Structures are given as structure tokens and as C-alpha cells.
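Right, one structure below, let's go through it.
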Amino acid sequence: MSYARQMLESDSASTVDAGLLADTIEALSDCAQACIADADADLRENDPDMVTCIRLCLDCTDVCTATLGIVSRRAAYQDAVTGPLLEACAATCARCAEECERHADSHAHCMICGQACRRCEQACRNLLAAPIS
Amino acid sequence: MSYARQMLESDSASTVDAGLLADTIEALSDCAQACIADADADLRENDPDMVTCIRLCLDCTDVCTATLGIVSRRAAYQDAVTGPLLEACAATCARCAEECERHADSHAHCMICGQACRRCEQACRNLLAAPIS
Amino acid sequence: MSYARQMLESDSASTVDAGLLADTIEALSDCAQACIADADADLRENDPDMVTCIRLCLDCTDVCTATLGIVSRRAAYQDAVTGPLLEACAATCARCAEECERHADSHAHCMICGQACRRCEQACRNLLAAPIS
Amino acid sequence: MSYARQMLESDSASTVDAGLLADTIEALSDCAQACIADADADLRENDPDMVTCIRLCLDCTDVCTATLGIVSRRAAYQDAVTGPLLEACAATCARCAEECERHADSHAHCMICGQACRRCEQACRNLLAAPIS
């Protein structure tokens, strides 16, 4: 069990389902890591066709890292802040996934990164749709 | 002249006005710094009424830092990524400013931070409204 | 298997053992998340004795996030950059763990965070000691 | 006057000279921005000789951003944390500057970025050498 999950389960104050939050936090963290690694692997291909993929991976790392911070400060769950950022994060993950998928047949690193982005996009949408008690 | 501004002026590929981009980058960077410093100054007040302000400042730092990265990778200005994030950043800055302004009479650090947030909110909205050539 | 591990195993260019790198990346990511969550849980205690713990958790998040980025760009493993940062990260994790452990009996969130910091300190030291082929 | 400087001057608790801290914060922030922009400009050159420069710029952004956070939480100036990170940041800035300078004659963006890195390296060393009251 991850530290994030343990910490959420030790906490009775959260206004959102702890399992759903932990899933989102893990998806954001995995996606940020996958995008850092994919940008680096793309760089090594020395292929001008990879430039858009590198930039979108760097963008996606930045947005997922920020969203991870904000979602983790869950005790003060603020709709005005969390809602628009989850929307922006889902949009960025979707755009990055689309670009990674274009290269998935040629590069295993892009295929893996595209999967991490799709899972993160879905996790952001699930949290947006979750009831807040 | 800031390094960001020098670098933007040395570049002919940008699709958005270089001066407007440099203004936004400076406002984002200033706001991220002001929020880090204000969260720290708030912590020293030992006042439970500051907890929401600390959290919003930490959130605002995270969102401004991510937006700074994405706006700076301007050469691949991607509406699908930049638009929703600028919206989320403006919303976060507005919410953080509102909370800082509540404490502006008691704490100079909150007054200064509130000003940085309002300027950054406006800079994000200006960039959102800018024509892309 | 994590995305980071899958990506490392799909890559034959790395100069450091892929399993060791994946362990370090996971420990850094877990520690960054645990520190964000612990700082937030500490804030809710409304206890002036937690202020140092909050600050160290924020510091530790920042250093682990930076180290995660640099370690993940492994293909260009640069001793001049990676070595001093791994040292700084291990020192920060150790200092943060020490402070969390002071509060471990009173707060489960500090106990969990202290464990994440100790594991990350050790992972940084293991990577520093690893032979580079 | 920057928001960081205003905030430092409104604060009597700091244990390090406020002007020196504000100089360091500005140098770190400028260097982080310059490195984001230079990595992006390098990407557009479509030149395999720029790959090391891109990676070092991404590394330098990450380390400067983390150091900015830690230095800004100055009220709890912790030698055990701040010292090793300032050393790591100076080392990273020096290595990144060296690489940018290799390309300064061909690319204005690398020349500008190299200057920001050198100034930041010096600011970190100045803060390391400063007496703590």
C-alpha cells in the first residue's frame, strides 16, 4: 500500500472518498514520471518529428505535478481551485496521449507514456465527477 | 531587461506578442515567489485563522510554476493545453488574492502577496484574450 | 510494474542498473507525496510545535521533485549534476525524517512520512554508491 | 522593487541579510526561466549537438526551482538543508553554463541562458559564504 494511501486512510477529515483520491494521486504521480522519462527517451531519437511530443511531455509533467500538490492538500478541498485545474490536467493528458499514440508503433517509450496519460486523464475526470460529502 | 524578455526578443518564431508573453512570465514568476514567502510568513503567525491562506498560497505557487513552464514553451503554443491552464491559474490567483486581502490590514506580507496574485490573475486573462497570429 | 520501471526496462542505453534507478524514482516520488500530505495534515493540528515539521516537509517535497526529474533523465547521467543533488536530497530527507519521528507517537501522518523520508534517504545513498558502467 | 524584496524588507525575523536573499531569489528565478526558454529554443534547432544542452537546461530548471522554494522559506533557515542544496545548485548552474557557452556564438538564446546560469551560480556561492546572525 502506498504512503499516500496509508496517509489518506489514517485521516477521517477528508470530504472526498479516500480510495478515489489515492487513485488520482497515484495516476498523477505515474503520469508525471512517465512524461519526464518519455521526453528524455524522445530526445535520444534525434528525430525532428518528436519535437511536439517532447514539448507536450514537458507540459504534461508540469501540470500533473501541480495537480498532485493541489489534490493532496485535500483537507481544504476548494472547488474554485481544484475544479479548473483538474479540467486543465485532463485536457493536457488527453493532448499528450494523442501525440504519444502517434509514435506508439515505433517507440515503446511513447506507447507506455500514452497509457500513463490516458489513465491520468480518466482519473482526473473521475475525481471531477465524484460527489463531495 | 529580464532574461526572459531578452530571450523572447531574440526570437522571431513566436505566435503571440513577445511583450505580452514576457509580462505574463514575469507576473507568474513574481506570484509564485510571493506565495512561497507569504505561506512561510503566515506560518510564523501561529494563528489558526491563517491555515486557509497558507494552503491557497501553496496551491497558487504550484499552479503558477506549472503555468510558467507551459507559457515559456511558447514556440509550440498549444491552445488545447495553454487555454485551460491559464483559466485555472487565473481562478487560483483570484481565490488566493481574496483570502490574502482578508488579512491585508493585519499583515503586510498578505497585502503584498494579494497584489502579486491580482497582477498575475490579470496577466493570465490578458494572455487568454490576446490574438494568436 | 510501474510505468517508470517498464520504461527503464525497455531501454538498453542506461549506464546505471535499471532496477536500482526504478527503486530510487519510486522512493523519491513516494517521499514527495508523503511530505505534501504530511505538511497539510500538520497544518490542521493547529499546534505551533508543528511549524518546523511543515517547513521541512515543504523543503523535502521541493528537493525530491527536483531529484526525481534529474534522476529520470538518466540517459545523460551527469556526475557533476546528479552527485551533489543526491547528497542534498539525502541530507534533506534525513533532517525531515528526524523531525517527523519527533511527532510519530502523537500523529500517524508524521510516522508514515518519516518512513517515506528514511526510505528515500537510503535510496539516494544506494544510487550514489552504485557503480556506473 | 520586486515582491520578494518588498516581502523580505517587511520582515524583521530573517537571520540572513535581506538584500542578499532577495538577490539570490531573483537570480534563481531568472535562471529557472532562462533554462525553460533555452531548452525550448534548443529543441527548435533540430541539431543533435543540442541534446546535452537541452537536458542540462531541464536539470537546471528543476534544481533552481527547488532552491528558490527552500531559500524563500528563510525564516527557518536550516543549514543542514540549505547548504548542500546551494552547493548542488551552484554545481548544476556551472555545468549548464559551460554547455550553453559552447553554443553562445551560434545561438543568442544559449548566450543569454549561459549568463543567467553564471549569475545564479555566483548568487548561490555568495549566499553560502554569507554570515548567519
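Every chain is named by a letter (A, B, C and D) in the order it is written, and numbering of its residues begins at 1.
The criterion applied here is as follows: a contact is a pair of C-beta atoms (placed from the backbone, for glycine too) under 8 Å apart; a residue touches a chain by one contact, two chains touch by 3 or more.
These numbers were taken from a predicted model, which means no experiment stands behind them.
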{"item": "Topological distance between chain B and chain C, in contact steps", "value": "1"}
{"item": "Chain located farthest away, centre of chain C as origin (C-alpha)", "value": "B"}
{"item": "Length of the line joining the C-alpha centres of chain A and chain D, rounded to whole Å", "value": "27"}
{"item": "Intercentroid distance (Cα basis), chain D paired with chain B, Å", "value": "19"}
{"item": "Two or more partner chains touched - positions in chain A", "value": "40, 43-44, 51, 55, 58, 65, 69, 73, 76"}
{"item": "Category of the chain touch graph - line, ring, star, complete, other", "value": "complete"}
{"item": "Residue ranges of chain B in contact with chain D within the complex", "value": "2-4, 6-8, 10-11, 13, 25, 29-31, 33-34, 36-38, 40-41, 43-44, 61, 65, 68-69, 72-76, 108-109, 112-113, 115-116"}
{"item": "Complex contact set, residues of chain C against chain B", "value": "39-40, 43-44, 46, 48, 51, 54-55, 58"}
{"item": "Chain D contact footprint on chain C (complex, rising order)", "value": "51-52, 55-56, 58-59, 62-63, 65-66, 69-70, 73, 76, 78, 80-81, 84-85, 87-88, 91-92, 94-95"}
